[in-house]
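Some structures are shown below for you to check.
Each of the two complexes below includes chain A, the first together with chain B, the second together with chain C.
Up next, the complex of A and B:
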């Protein structure tokens, strides 16, 4: 399952979610301001504290940012 | 009424009495929303790293009243949001800093130190004035906070000694901080 780490009010997170939906990609949203576990998992992945959106498919490869090209590559779109 | 009489909440929801900062030099700043290009965060963090062990505390108060209207910041495009931009100084709960709904602390600070104009030589001065005239002309009136990154310097006795507008970079305040330490 594709995971997207987000925070509320983050315009780039909204763009990632909309983009994935437009490509019929199912994903789980994890708000890192609402869950310490999610915040920690997201930080571990990127090595940066509190930076979103982060999209991952295997908890190893990820895209930080709203970057269509990188998202396409990550998710083989 | 004194700066140490105010109680505020940290970004983790914990009440904090400013009296806990007695004896410290304080820089109180209304910070920007978490998305966008805000180089002043980095400079504030640099000040904090340089002077914290000599007695400086920086208190950041995030505010959304100026969100989405960042003027003239096309130098760098950033497509992600960073909570608090990775700074390690204390960030407080999000709240208003101007108008009727302003937090009491900011009503006090702006009553203590009036608005004395922008530094017109600063690169953001012109786009900032244009953005204000166009979108929020009422913000230009009076002594209220005009924009993100208005900075108030407090001495070790709790006196509000200076106000710096968004058109003063944090690095340019270093000499004023040193004079109080």
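Up next, the complex of A and C:
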């Protein structure tokens, strides 16, 4: 399952979510402000504290921010 | 595979206040309108936590205002595409060509409402610390600074409003600005009354330091000529904007500041090409004037299209 780490109100997070929806990609949203576990998992993945949006499919490879080309590559779109 | 050719009556470039207002008006006139946006819907105001100077609203978030406007435009038939970026425009011939990554659009009218982007911090260390202490989106990154020390750089309304918002996270916030405030009195007063805030006017950030992420900055006091080192965890940069006109520089006349030269009627030097909102060279750039430009451009675009169709 694709995971997107977000925070509420972040416009780039919204853009990533809309893009995935436009491509019929199912995803789980993890708000890192609402869950310490998610915040820690996101930090562990990227090495950067609090950076969002982060999209991953395997908890190893990820795309930080909205980068259409990289998202297409990560998710084989 | 060759790109598909698609005809549109009107293409609006940019989905901020000017672009979406234009799209709403054009849509209401039963014209086929496409809005192309490669950044964030709403542009600069998407980041605004509370807008208090838009008529009809005591206070509204940029996201709510723009989302309502997008719905209004779409209800009248406008299509907004925020995932297909423009690679090239050719405006001098008819139809005008707007080539995106996926398609080649032919349009009778192009309304350019591409707005502006935030100016980057002009220091060599900016790239090293970008996202690691240097930020440009308060709504995206403000949460990282719970109980930390933040500096906001800038003295206009956007900077002061950003600082007011960020005090909800920070224990201490420095407002650093190289001259005097340009923000309106209401926002300034709110900021100055906040005990977490220290306003440092006539000051400039001269260097950023840190191992891996930002830890402290050198700040020059322009009055005394002395530099002091301040421990900060993050800086939010709000030192003005640069117009998004790179795509148009070979097609249209630009002002010294890089904005498109067009009259109050939003007409550019090319018939059928209009410039609306902050991207147009003008003295006053507000949300209300962006909406006014979008309206003007749309109504005059319809007039132009009617004449064009009559002449065929």
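Keep this in mind: the second predicted complex is superposed on the first by the 77 of 77 C-alpha atoms of A that agree within 3 Å, B and C clash if a C-alpha of one lies under 4 Å from a C-alpha of the other, contacts with A are read in each partner's own complex, and residues count from 1 in each chain.
Note that a contact is a pair of C-beta atoms (placed from the backbone, for glycine too) under 8 Å apart; a residue touches a chain by one contact, two chains touch by 3 or more.
Predicted model only: the values in this text are computed from it and were never measured.
Annotation for the three-chain superposition on chain A: chain B and chain C clash. Looking at the shared chain after the overlay, A:10 reaches both chain B and chain C. Using the contact criterion defined above for the overlaid structures, shared-chain residue A:43 touches neither chain B nor chain C, since it reaches no partner. Judged by the touch definition given at the top, the superposed model places A:67 against chain B, while chain C stays out of reach.
In the superposed model, A:51 makes contact with both chain B and chain C. In the superposition on chain A, the residues of chain A contacted by chain B and by chain C overlap at 7, 9-13, 32-33, 48-53, 64.
Taken in their complex, chain B has these residues touching chain A: 33-35, 64, 79-84, 86. Interface residues of chain C, counted against chain A in their complex, comprise 40-42, 46-47, 63, 82-83, 85, 131-132, 137, 139-141, 143-144, 213. By the touch rule above, chain A contacts chain C in their complex via residues 7, 9-13, 15, 18-19, 22, 32-33, 48-53, 64, 68. On the chain A side of its complex with chain B, the touching residues are 7, 9-13, 32-33, 48-53, 64-67.
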